[in-house]
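In order of appearance the chains are A, B, C, D, E and F, and numbering begins at 1 in each one.
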Amino acid sequence: MKLLIAIIKPSRLEEVRTALTDLDVHGMTVSEVKGYGRQKGHSEIYRGAEYAVNFLPKLKIEIAIEASQLAAATEAVREAANSGRIGDGKIFVLDLEQATRIRTGETGAAAL
Amino acid sequence: MKLLIAIIKPSRLEEVRTALTDLDVHGMTVSEVKGYGRQKGHSEIYRGAEYAVNFLPKLKIEIAIEASQLAAATEAVREAANSGRIGDGKIFVLDLEQATRIRTGETGAAAL
Amino acid sequence: MKLLIAIIKPSRLEEVRTALTDLDVHGMTVSEVKGYGRQKGHSEIYRGAEYAVNFLPKLKIEIAIEASQLAAATEAVREAANSGRIGDGKIFVLDLEQATRIRTGETGAAAL
Amino acid sequence: MTSIIKFPFAILVTILALLAFSQPAFAQGADYSATINTTLEAIGEAASSAALEEGASEEEAAAAGAAAVSQAVAGSFGDRDAKIFNTLLFLIGGFLVMWMAAGFTMLETGLVRKKNVSMQALKNIALYSIAGIMFWLIGYNVMYGGSAGGFVGTFLPYNFPAPGADTADAGYSTASDWFFQMAFVAATASIVSGAVAERVKLWSFLAFTVVLTGVLYPVTGMWQWGGGWLAEMGFSDFAGSTLVHSVGGWAALAGVIIIGARTGKFGPDGAITAMPGSSIPLATLGMFILWLGWFGFNGASQLAMGTIADIGDISRIFANTNLAAAAGAVAAMIAVKLVYKKVDVTMVINGALAGLVSITAEPLTPSVPAALFIGAIGGVIVVFAIPILDRLKLDDVVGAIPVHLFAGIWGTLIVPLTNPGTSYVTQLIGILAIGAFTFVASSIVWLALKATLGVRVSEEDESLGLDKAEVGVEAYPEF
Amino acid sequence: MTSIIKFPFAILVTILALLAFSQPAFAQGADYSATINTTLEAIGEAASSAALEEGASEEEAAAAGAAAVSQAVAGSFGDRDAKIFNTLLFLIGGFLVMWMAAGFTMLETGLVRKKNVSMQALKNIALYSIAGIMFWLIGYNVMYGGSAGGFVGTFLPYNFPAPGADTADAGYSTASDWFFQMAFVAATASIVSGAVAERVKLWSFLAFTVVLTGVLYPVTGMWQWGGGWLAEMGFSDFAGSTLVHSVGGWAALAGVIIIGARTGKFGPDGAITAMPGSSIPLATLGMFILWLGWFGFNGASQLAMGTIADIGDISRIFANTNLAAAAGAVAAMIAVKLVYKKVDVTMVINGALAGLVSITAEPLTPSVPAALFIGAIGGVIVVFAIPILDRLKLDDVVGAIPVHLFAGIWGTLIVPLTNPGTSYVTQLIGILAIGAFTFVASSIVWLALKATLGVRVSEEDESLGLDKAEVGVEAYPEF
Amino acid sequence: MTSIIKFPFAILVTILALLAFSQPAFAQGADYSATINTTLEAIGEAASSAALEEGASEEEAAAAGAAAVSQAVAGSFGDRDAKIFNTLLFLIGGFLVMWMAAGFTMLETGLVRKKNVSMQALKNIALYSIAGIMFWLIGYNVMYGGSAGGFVGTFLPYNFPAPGADTADAGYSTASDWFFQMAFVAATASIVSGAVAERVKLWSFLAFTVVLTGVLYPVTGMWQWGGGWLAEMGFSDFAGSTLVHSVGGWAALAGVIIIGARTGKFGPDGAITAMPGSSIPLATLGMFILWLGWFGFNGASQLAMGTIADIGDISRIFANTNLAAAAGAVAAMIAVKLVYKKVDVTMVINGALAGLVSITAEPLTPSVPAALFIGAIGGVIVVFAIPILDRLKLDDVVGAIPVHLFAGIWGTLIVPLTNPGTSYVTQLIGILAIGAFTFVASSIVWLALKATLGVRVSEEDESLGLDKAEVGVEAYPEF
């Protein structure tokens, strides 16, 4: 199993969710984060003082999937999240050793 | 070492914390997330317009532990977080290569 | 590639960001979390009722880097985040199997 | 033409004046008399012509003219103006007390948890609306439609005079009095709303509000302000420490007991879970709104400002009200600091409000030091009462019972200290009578609701939050 | 000294009195006359001495003395006091309506999404400021500087009398009337602000506000309150259901159509995306502020409180206004519950406001049941109108069009039910005439702005949020 | 019976009237005189009977009767009503200025960072309470208990007349004046609170407030409004641009310098860290509350509304106050747009407030264009002053010094432009004298506090936030 972590633009959540649902991936966890990469922040002015806004708001999506789904899922996320503009985000993949469904105790792929 | 990631219902945090403390796990990091899995969202009405609430609020707990504690910790979280109802959540386990305590520079199990 | 996860004190973000930029690490993702470890919470009083504040606010920083940068980055974060006081936080390192830049589709080190 | 026919009269007046005044004064004196007569004549003629135009007989016209002159000379605009002033007092006081509805809303939305904020807003809008409708439908006449020394008025809607037809014979216009009194009823219902927050069922709460504002409050109100048996006995409660605040407090207490505490509030081994409010600035804003509204609450309870003595008293009431609140806040702040080290601002907010409730039973007679004393004790009461209620496992979300019931009792009891026309015994009888009635009657209503609609939401809804469960709208939605 | 010279006069008076009264009454009667004369003399002398000191001639001084005595005797303080009361009504009413600017701001910042909150605050500050300046620069004279039965006044700035020089010949002071009327204009602009929120360009919105407050509102205002052709025809709109609220609603509707919906609001297949507001407590606070301000809006539109009849009417207006709002809230609450199961508090907020708008065209003549009926229908209207607008793909962020336009039309149409001096036909003509003018003129202005400055922000700025894009300050910044 | 004994008198009057009037007028004239006499007699008899019943001697009763008649005839209800109007002005003005306490609280809680919001709320509740108590304990008499041309009054508590005993000989009731003046003191303390926010120690701030409201403000207040030396010299400050706002500003400046900037505000190389406020809607609400309260602040500083001239002036003051604020907001908005491209709403908020402060020294004499000019310059001042203060490393959290001190100086200096009775030199002397005294005295107090209690919290507490460190309650707690 793999843990796919995608950092995306907040406005792309719906597209990503739909794309994954179409792939039969039926679970995900989302959190609000801030980040920067190629897309640097910019400077703003507050009460006449310039200040750097280094971090821009993004969403982090975590999706546990079977290894077999990885390629398709990565591609699906990439397509759905891609606006072609800087700041579109990253997809990271970690190895997921174990997964358990709390309610039933099922483990492994059955738990996803 | 392992990194145990549990997605649980917000109301179960205290139980999980207590259960882990009883196991001598003395550290954790919590964040607010939203998610869905088996427990789909539902639809709400706002000013007469129906809209889907796809994501439900959950808490994500990250716990770095020694590999030896893994089974006990997983079980403890499972029990404490289990309400027997859909949406109780998941436990994911990743391999943790390295841990460092910032203050002292200790690494490995000593850093947990 | 590695995924470096640092839990730090909120006030240290700027220092950590600067230190990493100096190392030519040009991307990170930050989220607000709460946690405890050695630094236990304390008790507060609200309307005459004492209650335990178990969790203290921290920031979680996630940085995807090439394995070669790991030692330097860990050290940089450690130094920048270290105030010498309890609660300074932890650095966890996971193995990062894959990284993709959403906009371009680049993968691996090129995607970081 | 008319100046010609007035000539002989002017001559006579001039002669009289010649006898009376030295030269410079004379000229003036003569002018004055002539002017007076000209003016009066003009007034009289205007009135009688007007009457004639409207088709009155000559006699009626003459009478109208005479009345107008009489009114002018006798300064009866003094009477007209006094009535306007009195009515204006009710209108200004009324809108200030109406504004307290917003104060309670902000206080309560600030002190409940994030997940129940929309519900608290909804309940406060609904209760203010219901209070108005019920106090028109039966409340006003239950309260003021009874006979002297009695126990209850009539259960009839209340009617206002037709447009232009109100002659303010009572000294003020009918509708202004209704408006002012109505706002008080709403305050009573707001008190209950805060105490039982975060677990009461919306429609049960509204049903309770219907009974409270239509019957319970008006009945005990009748006993005193409606001229009933307590008034005859000499009970004294200037602006309602007991009639408004304690009544709300007793109804809240019955609710708190019957509905039970929020799930998780009280642990098995005496542990108390703090459930911090969602917004301190809104709670503070609520307190300031209430403080402002209280100038209407206490000040306009003077019921008249058409004389210098009345408005002087209102001024005194403003000063005393303000200082009692200040003393309540400062006393609470010091007490909290001494007992708990950190200065919990929600206790200071409650302290100021307790100061206000304490001075409400008698805001006029206390000297400033007495007002400060009365308010300060009120402030201290809440600091100690809040944890005691917790220990009794009575879960009062916003501190409504300490603030409105306990400080209300204190304020009513201490009236004889500064008001020689009252007695401690009578005050106690009033407090007990009103308390017993309201607590028992409220309990019956709450129990009836419990047996029928149910009074609390399911545990699941409670843990989900009422905003999602019953309102469908989160107060502060996220992404 | 002066008592000596008055001696002969006192003797004469005493003799007359001796003839007229029996002994005990006599003593008093005699005293009275003497006192009267002494008093009047003192008043006269004081006035003439004052005049002399200020350098008046002897004749002028004598005249001043005579005038003072005449004023005293003729009770003309009644007249003075009536004018003070009237002016005070405008000032109190004016500050209450001014306060509605804060109400609209809170309502709108509460109902827009987090990323557009600062912009909404900014727009409301700016529009209130601009409304004041424009209504001085030309608006007031466009509205009130015309001739009876006319169509438009003059495009000139408005001047107040010099300090101390206002004699209130109109029955009230000039500036108080301006202040009161100015606050109404601002309300109209606020209505537009809420409807077109979250995508309109700041400077285009402000440009529209300049025209709306300087020209559009004053022109239709002239037709009725300025004594123009609609007033002559017998149209009736007591406090502005049509003149204020519908005008704002029509201008908003034109804006909503021309600017278009927020990106993402309406999906391709008829899907509607809910975009929940950022803060329910602030929206609720806004509603309570508006409710409070409405007592000034409707109450002070009586335009006079210097007689008992006037203040009695104002009291009646207060009661009716309050009860119509209550009925609007309760009716909306019940309708929402029946239709949607959960009680969306934003609908109840809109319901209360619709109740207020509905009663504004005639808050005086309805009996309480009629006021409740008028308000309740208003409340129900919004519950059904909001989703209908959505289905028509008209994106009105805060419900301004249902509340102000639809309920405004309803309120104006129903006037003849309780006011026998009006006719349904004339009401309809007024509604149509004002609606047609405002909608067409507003559309032209919006289209002109679209062709020049542009009326909506770029899609990128919209998705980023106006706070970041145009204001540079987040409403609730995080770490 | 009494009609019989009046017969001879009526005959005499009839004869006189016969000589004077033509027939129809005669009938009325005759009636009038008779009516007048009947009425006056009734008034006199009622008063003397009432006196007799209360146990007065016959002579006293006769005197009471005479007084009542005299009062009636001399229209002294005009005098009574004038006093009621004046007192009412103070009460309404007073509650509006009191409400500014909530305005400052919202403004400041909105502009501080999330972690210091509860503390800011607490400090504002406490300072308003302390201001009230201190201004009773010594402040009022320090300010108004001195002799003409003097420097300081007496350090004694202030007493109000007993209930019912206030005869309003000063033209208004004693307590109303105290209440109104008290609210001004609190505003001064609020100004300081905002400037030194986020790092000052709670109890040191409160200690400073005690001295400021009990001594510092009253002393300089005495110089002018207490009839002291500045008043004699001809200094002019209608409602307190200098006496209230600059005094607050100077005290704040001393605090800002002595306490030092927030940790991290100013970097080593001239870098300035922006520390965005926690809630723009609350800051906006605060501004609107202040704007509303300012009608009381400036309007009721006319000190009288018992004549048409007075209420006309108050109306003019309302209009000018509103327009100066509007001009301040618009000017700041344009200046911010030109200088910074994005329209920082916090600057516009400060601009409106600066417009208000600027017009406060003379809200009556300016024509509308002059009022707009005065307000606009105020608005521009803050836009440029805020970054200058930053460059001087003076850390004023909410912009209190630009708004209240700089605009206060500007407003005071510009008075002679529109008020011919004043001189630029005297205005400058007043500004300097009050500034020097307040700045020096405040510095001494702050330094004394620094040496004893300490004036700033530990760096750790500052970084943790005062809410956690000193209040123990988070403003917006999370899960």
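One rule holds for everything that comes next: a contact is a pair of C-beta atoms (placed from the backbone, for glycine too) under 8 Å apart; a residue touches a chain by one contact, two chains touch by 3 or more.
Since we're looking at a predicted model, the values are computed, not measured.
*Asks:* What is the minimum number of touch steps required to go from subunit A to subunit F?
*Replies:* Minimum number of steps from subunit A to subunit F: 1.
*Asks:* Going by residue numbers, if over half of the contact pairs line up, that's a repeat, so tell me which of B-D, B-E or A-E repeats A-F.
*Replies:* Selected pair, repeating A-F: B-E.
*Asks:* Given the two chain pairs B-D and B-E, which is bridged by the higher number of C-beta pairs in contact?
*Replies:* Between B-D and B-E, the larger count of C-beta pairs in contact belongs to B-E.
*Asks:* Roughly how far is subunit A from subunit C, going centre to centre by Cα mean, in whole Å?
*Replies:* It comes to 18 Å between the two C-alpha centres.
*Asks:* Provide the C-alpha centroid distance between subunit A and subunit D, rounded to the nearest whole angstrom.
*Replies:* Taking the average C-alpha coordinate of subunit A and of subunit D, the gap between them is 56 Å.
*Asks:* Spell out, as numbers or ranges, the residues of subunit E touching 2 or more other chains.
*Replies:* 40, 73-75, 77, 81, 88, 92, 276, 279, 285, 340, 342, 344, 346, 472-473, 478-479
*Asks:* So which bits of subunit C are touching at least two other chains?
*Replies:* 31-32, 34, 44-46, 94-95 - these are the residues of subunit C that touch more than one other chain.
*Asks:* Enumerate the contact residues on subunit F facing subunit D in the complex.
*Replies:* Within the complex, subunit F contacts subunit D at residues 16-17, 19-22, 25, 27-29, 31-32, 34-36, 38-40, 43, 71-73, 75-77, 80-81, 83-84, 87-88, 90-92, 94-95, 98-99, 101-102, 105-106, 109-110, 117-119, 121-122, 124-126, 128-130, 132-133, 136, 157-161, 163-168, 173-176, 178-179, 182, 202, 279, 282, 285, 467, 470-477.
*Asks:* Quick one: in the complex, what on subunit F touches subunit E?
*Replies:* Residue list for subunit F touching subunit E: 2, 5-6, 8-10, 12, 37, 40-41, 44-45, 48, 62-63, 65-67, 69-70, 73-75, 77-78, 81, 85, 88, 92, 96, 276-281, 283-285, 287-289, 291-292, 295, 299, 305-309, 311-316, 318-319, 322-323, 325-327, 329-330, 333, 340, 342-346, 348-349, 352, 364-365, 367-368, 372.
*Asks:* How about subunit C: which of its residues touch subunit F in the complex?
*Replies:* My answer: residues 11, 34, 44-46.
*Asks:* Quick one: which bits of subunit F touch subunit A in the complex? Just the residue numbers, please.
*Replies:* Per the touch definition, subunit F meets subunit A at residues 272-274, 276, 340, 342, 344, 346-347, 383, 386-387, 390, 399.
*Asks:* Under the definition above, what is the set of subunit C residues touching subunit B in their complex?
*Replies:* My answer: residues 2, 6-8, 31-38, 54-55, 58, 60, 74, 77-78, 81-86, 88-95.
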